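Here's the structure, in structure tokens; my notes come after.
In this document, chain identifiers A, B, C and D correspond to the written order of the chains, with residue numbering beginning at 1 in each.
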Amino acid sequence: MNTVLLTGFEPFNQQPINPAWETVRALDGWRGDDHVVVSRQLPCVFGDALAALHAAIDELRPDVVIAVGQAGGRSDITVERVAINVDDAPIADNRGARIVDEPVIPGGPVGYFSTLPIKAIVHALREAGIPASVSQTAGTFVCNHVFYGLMHALRDKPAIRGGFIHIPFLPQQAARQPVPTPSMSLADMIEAVKIAVATTCSTTGDLREAGGGTH
Amino acid sequence: MNTVLLTGFEPFNQQPINPAWETVRALDGWRGDDHVVVSRQLPCVFGDALAALHAAIDELRPDVVIAVGQAGGRSDITVERVAINVDDAPIADNRGARIVDEPVIPGGPVGYFSTLPIKAIVHALREAGIPASVSQTAGTFVCNHVFYGLMHALRDKPAIRGGFIHIPFLPQQAARQPVPTPSMSLADMIEAVKIAVATTCSTTGDLREAGGGTH
Amino acid sequence: MNTVLLTGFEPFNQQPINPAWETVRALDGWRGDDHVVVSRQLPCVFGDALAALHAAIDELRPDVVIAVGQAGGRSDITVERVAINVDDAPIADNRGARIVDEPVIPGGPVGYFSTLPIKAIVHALREAGIPASVSQTAGTFVCNHVFYGLMHALRDKPAIRGGFIHIPFLPQQAARQPVPTPSMSLADMIEAVKIAVATTCSTTGDLREAGGGTH
Amino acid sequence: MNTVLLTGFEPFNQQPINPAWETVRALDGWRGDDHVVVSRQLPCVFGDALAALHAAIDELRPDVVIAVGQAGGRSDITVERVAINVDDAPIADNRGARIVDEPVIPGGPVGYFSTLPIKAIVHALREAGIPASVSQTAGTFVCNHVFYGLMHALRDKPAIRGGFIHIPFLPQQAARQPVPTPSMSLADMIEAVKIAVATTCSTTGDLREAGGGTH
């Protein structure tokens, strides 16, 4: 039985809601044949977010950790490939900090790759009719910060797989944007994360299927 | 009791499904306090589409006609403002025709405005959390062709209101596109058209609320 | 000898410069074998813009009128197909007015088509290596207002051809935008308008070449 | 006197021209007060591109290496922050190879950061009126392959600074695209690379200015 830790952030950047938290909290306690899900909210604050993540990992000793975050403006589920060791905030975090060009972990390596089966997840999502792609950048804000900190924490625990998935705005968020903006229904986002969990738990290694970009 | 005619197209451009038809057929027979919906499919063929529309209007004598079409790539519900008297097909219709720069109705006026309460519909959709905006162009393909032909048929029947609404791809269509492409769930598109119908039936005149573009 | 009147707007929407005016003023006095260009600036003000346009037409008695406007965010030269009889301002004009859903000309027809050879212009621009396309909407702000008012003024003067061309931001404008935004060099925009003038003066009728949109 | 090696690729993906090569070859031999530029073309072929780059470095012993590549669809000059250790080709390279999920350098670290002053370059470009931004991903095709291989080669030569800059399509390339696509004039791209070279040669360290993304 795999314990799967899902995390989602509190709302940020003036949004009243965060689709990542809405999605993962709907899956808290979800049991499959070979896994059980525990969901936790993270603050959208540099440093504090990682502290909360580390505490949850210590407490729950999960087999899989999938951090989920909002990518307002993207139209599909994007499974992140790589976290990089830099905080460079284009907006303030929820404590007002705008960190520029500081490492997430001083002395840490430049990057970590996701250890989720990212190609298999994208493949399974598309098969299920949910738009999805591999993303080559998780940005440089709190999402990447958590993704990098997660992979750094797991660096010498190869039995625990981890990674990050970005999801679009909810329709009600897009409805308040000044220009037409893509969104996805909560039901499809919940289904997408379920598929990501199930695919991870049932997959060893990954598919070898193109998922890159020319730039 | 208002009779509301909804039309949706058959699939076109290699798509196996058309969200417009899926949406309107789900509403066939829907009765509200003051309306009943009848839904009809139109062929995605210049000329034939209008013939089918005219036959349905003659048969049903509706009070409101809302034609619905797929706008692959748009992210929100777009309520069309104006139909123009030109067919200029960027792709072949379902009979293989690629008409270029022919009038929809020879001798007809350059354009017709929708007689739906387009601002009230957009307002109601956003209030309901569904992304929506006014669109200043319905293109120059079969959608605009039907929109123009509809408004031309209604030109001396002011008691019958008519217009056109474009809707995005379904998620399963977007999942097969080579690049990330916006979509909307079928449930939200059905809810959107219900709101458009109800708003039209309950509104005389229209809201005066900005809905234009600088270009 | 054709007299060609080119118009460009003063800056608007907090921009310090308007590429349309920069472009057309560079062509003031330009003579070809069969034409001479006169360029005039228009205020970005509903009503006043048309008054200035009409005065210029009365004074200069041009054979061709091409109004040029800035379409910030578009990436190519867009030759407009149709003007519609509505002012619906998403931003304030330069006198602070935000007109919503008023006709440009009370009692005027819904729309007017450009009488420039729009397909021949787009074809010639692409042949010259300048990105260009036909646009099905000039928006509902002062650009469309001038385009509609121009075509209304020319409605019973078929010997005078007129139309509207939108051009992108200049690079220095795009460099100040908060997100990556397309632009075009002033040299290419000047060359583009020269080609539009020359093509108009040398073309009777228009090419029949697809230039429409599915939506 | 700094020797600056600029590289640009041969055309790829059915394009008849590559703006990167057109740009850097225009600067071959350009001398400033404190630098001289040498430009070399690289094949758009996995492996061979790096072999050619390494040979040029061995031969020229440059102080600065800036590899330049085409990013068709981007609208501005994008100064890349990070190279990652993966080849995942969405299209075939010029020898027909479509490598999927192979490391650029087996056993190499996940990523390398650019050692160019990326923030200072973006700042200088915008000051000069050229649209520019920091990019968090150079993709996973031959551009990233060369960027990663370059930084790996320089990993124990801190005196040699290196990095990668992506540039848009030329206007004549965008003019042949089926949909409106951003571009930049060759003159502006040449000016941009000159500014990047001069900024690098005159800057120690980097500016600390926000240049990140939320995702």
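Quick notes on this structure:
Here, a contact is a pair of C-beta atoms (placed from the backbone, for glycine too) under 8 Å apart; a residue touches a chain by one contact, two chains touch by 3 or more.
Predicted, not measured: the structure shown is a model, and the values here were computed from it.
The most distant chain from chain C, with centres taken as the mean of CA atoms, is A. Over half of the residue numbers at the chain B-chain C interface are used by both copies of the sequence. Distance from the chain B centre to the chain C centre is 29 Å, each centre being the mean of its Cα atoms. Chain B and chain D, compared by their mean Cα positions, are separated by 46 Å. In chain D, the residues that reach two or more other chains under the touch definition are 74, 78. Chain pairs that touch one another, listed by label: A-B, A-D, B-C, C-D. Chain contact summary for the complex, chain D toward chain A: residues 13, 69-74, 78, 81-82, 84, 86-91, 98, 100-101, 109-113, 119, 134-141, 143, 166, 206, 208-215.
By the touch criterion given at the top, residues 74-76, 78, 125-126, 128-133, 170-172, 174-177, 180-185, 187-188 of chain D touch chain C in their complex.
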